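Listed after this line are the structures, all set down as structure tokens.
Shared between the two complexes below is subunit A, which has subunit B as its partner in the first and subunit C in the second.
Moving on, here comes the complex of A and B:
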């Protein structure tokens, strides 16, 4: 089975700080493989382990994104494809260039990616990529089962679970529940340096079909939530009753 | 909290130049394992006085113990990178770091002085984690004065009979292999004693101030029969070996202390930016700022000293004095930084085990693996001559 997994080298949201105006300090922010992308890589490796074949990890981004590709190779992917872009692209352009890179490196039976990037979380690249590739899209999978030429997924939606089935090839996005990503050993990290990594540029993949206009992200401001900050004073018996009443009023009890 | 931070990347760049990026990748990944599978259980290990075996297993699998060795399954990484890895383990959980640090001191001894068959049969099992080791040197009446030990090894035909008691032995009861130093006819000799050898018994766990997650107990040998092929190196040369093994171990113990200090420092720093009194943040008060600067300078100087001693070790030159200096500075700094963290937390520092456990953990290491007093004797003898 020929598997591709698309990942993003994302801002480390856990380490991001906002300045006094509420804007995230992106300059010099730490970056890493997107949190949900690790689940996509893990699922790709598990599919390979149970069905045989190989996994190609693909990442579109700047020079830093090779760090994420190396991590995916250490986890167990077999080869990497860096799609170099000197500037940030929107979802339409990203999915377009990824589709071009995949067509060139493929064909693939399964293309996996995360439900969304852990920094921007637009969740658009997956379905757009499927459209560019002309393949069925199975979104938000918390379970992926390949049986011969078919794939069956179980999707976790807000208030219900749905099962989907299609014939391969297909594009599948996974949620974090799908698995627990492995941490590579030090030996695997060192060996990853010897695995093949190809590089193409977005310029080399451009043709007349490339999207001409993109969406630019303007200002990003952290939303602050005002707390009610209720303070109950008095003896414990009285304040505890007041606290219970307040929680009931909010529908929390 | 991220364990591997910019300060580690900068230290690697400062000490390893061009090679730093690959080392940063390795340590960042190790830190990910520590954050996910070790650090969250650290407070529980302290409260329950044990339970580190699964954390230790996970780090064996990650390849931590393979790092500084260049054959038989080793990863050929510089000692300084290994010492920085041990700092990260120390920051995640000090008892786990202590247990693995001692284990790897034994692995180092077998690697450097053991026979080829000991390397194949024992060393390879130690670095893979198939077997756990324990370093048995200290006795009830001979700690720093190790030459006064009373454990004896008597040669009888093709084996030795070992009799004596060792105390304060880390990993005792869990270990599969005990590296035992005993008096023989030719002086002091080292042996690999199987944990299940007849005549070897382990006492009850010794309650401790800190490092509670790792087990410490007495190891008693009563006519314990050990095959002659379990002798490590040459008969009578064990002190030479132990001295060299402990020098490397001192850098590691210093690094673990840097990690302990860092864990306490980060907690204190976070608290200082949240806590308000006199309508000001604690972190805006001049005395807090002075304390923070002292803690930070102490941590950085300790790490620098551990990496400096490591770099000298990597060149093959004698590094005994620098290793001793690194351990003096790092262990004493850690006790001070953890004490300052308690002070910053005030009453919460004194009552919250998750704050004061760092001080309790650090407190061991100005005593174990070479007391500060002994280390000062070593440094002074290098400067002034005379016996250490």
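Moving on, here comes the complex of A and C:
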């Protein structure tokens, strides 16, 4: 089975700080493979382990993306494909260039990705990619089962759980509870350096179908936290009484 | 300028209709609630009913195709879609079909100089970004951003649409009696986190919620990883955005992805035994202590032991 998994090299949102003007300090900020992307890579490797075949990991982004690609190779992917883009692209353009890159490198039976990126969380690249590729999309899977030429997934939507079934090839997005991602061993990390990594540029994939406009991102400023931050410590009888008093004063009780 | 709005969730659809009516009114246009398969009970405002050979509801890919087909007869430069998992899938498909920008999870929506603009949280809600796209564009809007449309029902226009055949067969495994709406509309929410040792202990959280006249919610691990509660209870970036008057976090550390969903609460209270827990940084009132002591003490203080 030919499997592709798309990942994003994302800013570590937990560590990101604001500068004095309240803008994100992106220069020198820590970055890593998107949190949910690790689950997508793990699922791809598991599918290979149970069905045979090979996994190609694809990452669209800047030069840093190679770190994420190497990590995915160390986890057990077989080949890496870097889609180099000098600037940040929106979901429509990202999914478009990923679809072009996958068409060139494919055909793939399964294309996996995460439900959303951990830094921007649009959750749009999956359904867009499926549409560009003309493939069925099985979204938000917490369970993936491949059976011959068919795939069945289970998804938890806001108010119900559903199961989906379709004939491969298909695009599948996974949520974090689908699996627990493995950590590569030192040996695997060393071996990953020898695995093939190809690179294509967004420019080389541009054709007349490419989106000609995109979402623009203007000013980015830190969310102000305007909270009282009154903290009560001490015996529970005392702290709970203080809390109740405070809530009464707020008119909440 | 006409606006189309769609959500599979009727309450969210009513909110979108308000947002859409506001945008359309400025240019003498109309907002249409896109209805698939049949007109829902309680739909207000103008409706655009999509009539298709195959059932559309439940299949985001077909819904995208149907809305795209409808846009050929009803020129609508702005499409508002409810920010749910289904909504994201519909928006993604429609964006590719019709070559539209998608602004996701935006508020303060405006049409200005041929552009649709709004603000959205980025980096797990730690920052706010101004975003915009040229018309025509799609905006995904989270629930609770607008008051539901309350004017009487208007006329229903029908459009015949053809879509491809369904590619995915779908089966419902579990339907929730309680919808996440209770949470989104709730005035008081007591949310449980991993600080709880066992599923049974949700009972004391429920008791506190009852005593405060509210409902319970949860952090993602409880609904997703542990499965102690349904997905409809999951609050945060990847779950429900809530905006109660009072939000009480019990045994929740306050990771930014959770906080992203509770920022609009009027008053935030945290109960956590770790004084360093980040939740205290975003709370109005905090109690440092073991929840197994503090929650019972609160119940006693409220006269509800």
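Throughout what follows, the second predicted complex is superposed on the first by the 215 of 253 C-alpha atoms of A that agree within 3 Å, B and C clash if a C-alpha of one lies under 4 Å from a C-alpha of the other, contacts with A are read in each partner's own complex, and residues count from 1 in each chain.
In the analysis below, a contact is a pair of C-beta atoms (placed from the backbone, for glycine too) under 8 Å apart; a residue touches a chain by one contact, two chains touch by 3 or more.
Note that the structure is predicted; figures quoted are calculated from it, not measured.
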Greater residue coverage of subunit A in the superposed arrangement, subunit B or subunit C: C
Partner chain in contact with A:183 - subunit B first, subunit C second, else both or neither: first
Contacts of A:193 with subunit B and subunit C, given as first, second, both or neither: first
First, second, both or neither for A:106, with subunit B first and subunit C second: neither
First, second, both or neither for A:120, with subunit B first and subunit C second: second
Which of subunit B and subunit C A:53 touches, first, second, both or neither: neither
First (subunit B), second (subunit C), both or neither touched by A:67: first
Touching partner for A:14 - first (subunit B), second (subunit C), both, neither: both
Contacts on subunit A seen with subunit B and repeated with subunit C across the two complexes: 14
In the complex, subunit A residues that touch subunit C: 11, 13-14, 16, 18, 24, 90-92, 95, 115-116, 118-128, 130-132, 135-140, 142, 154-166, 175-177, 211, 213-223, 225, 227-233, 236-237, 239-241, 243-244, 246-247, 250, 252-253
Subunit A partner contacts - residues on subunit B that touch it in the complex: 2, 6, 22, 25-26, 29-30, 32-33, 36-37, 61-64, 66-67, 75, 77
Subunit C to subunit A touching residues, read off their complex: 9, 60-61, 64, 84-86, 88-93, 95-97, 99-105, 121-134, 167-176, 179-180, 188, 212, 224-225, 230-232, 237-240, 245-246, 255-256, 263, 267-269, 275, 280-290, 293-294, 296-298, 300-302
Interfacial residue positions of subunit A with respect to subunit B in the complex: 14-15, 30, 67, 70-71, 74, 183-187, 189-190, 193
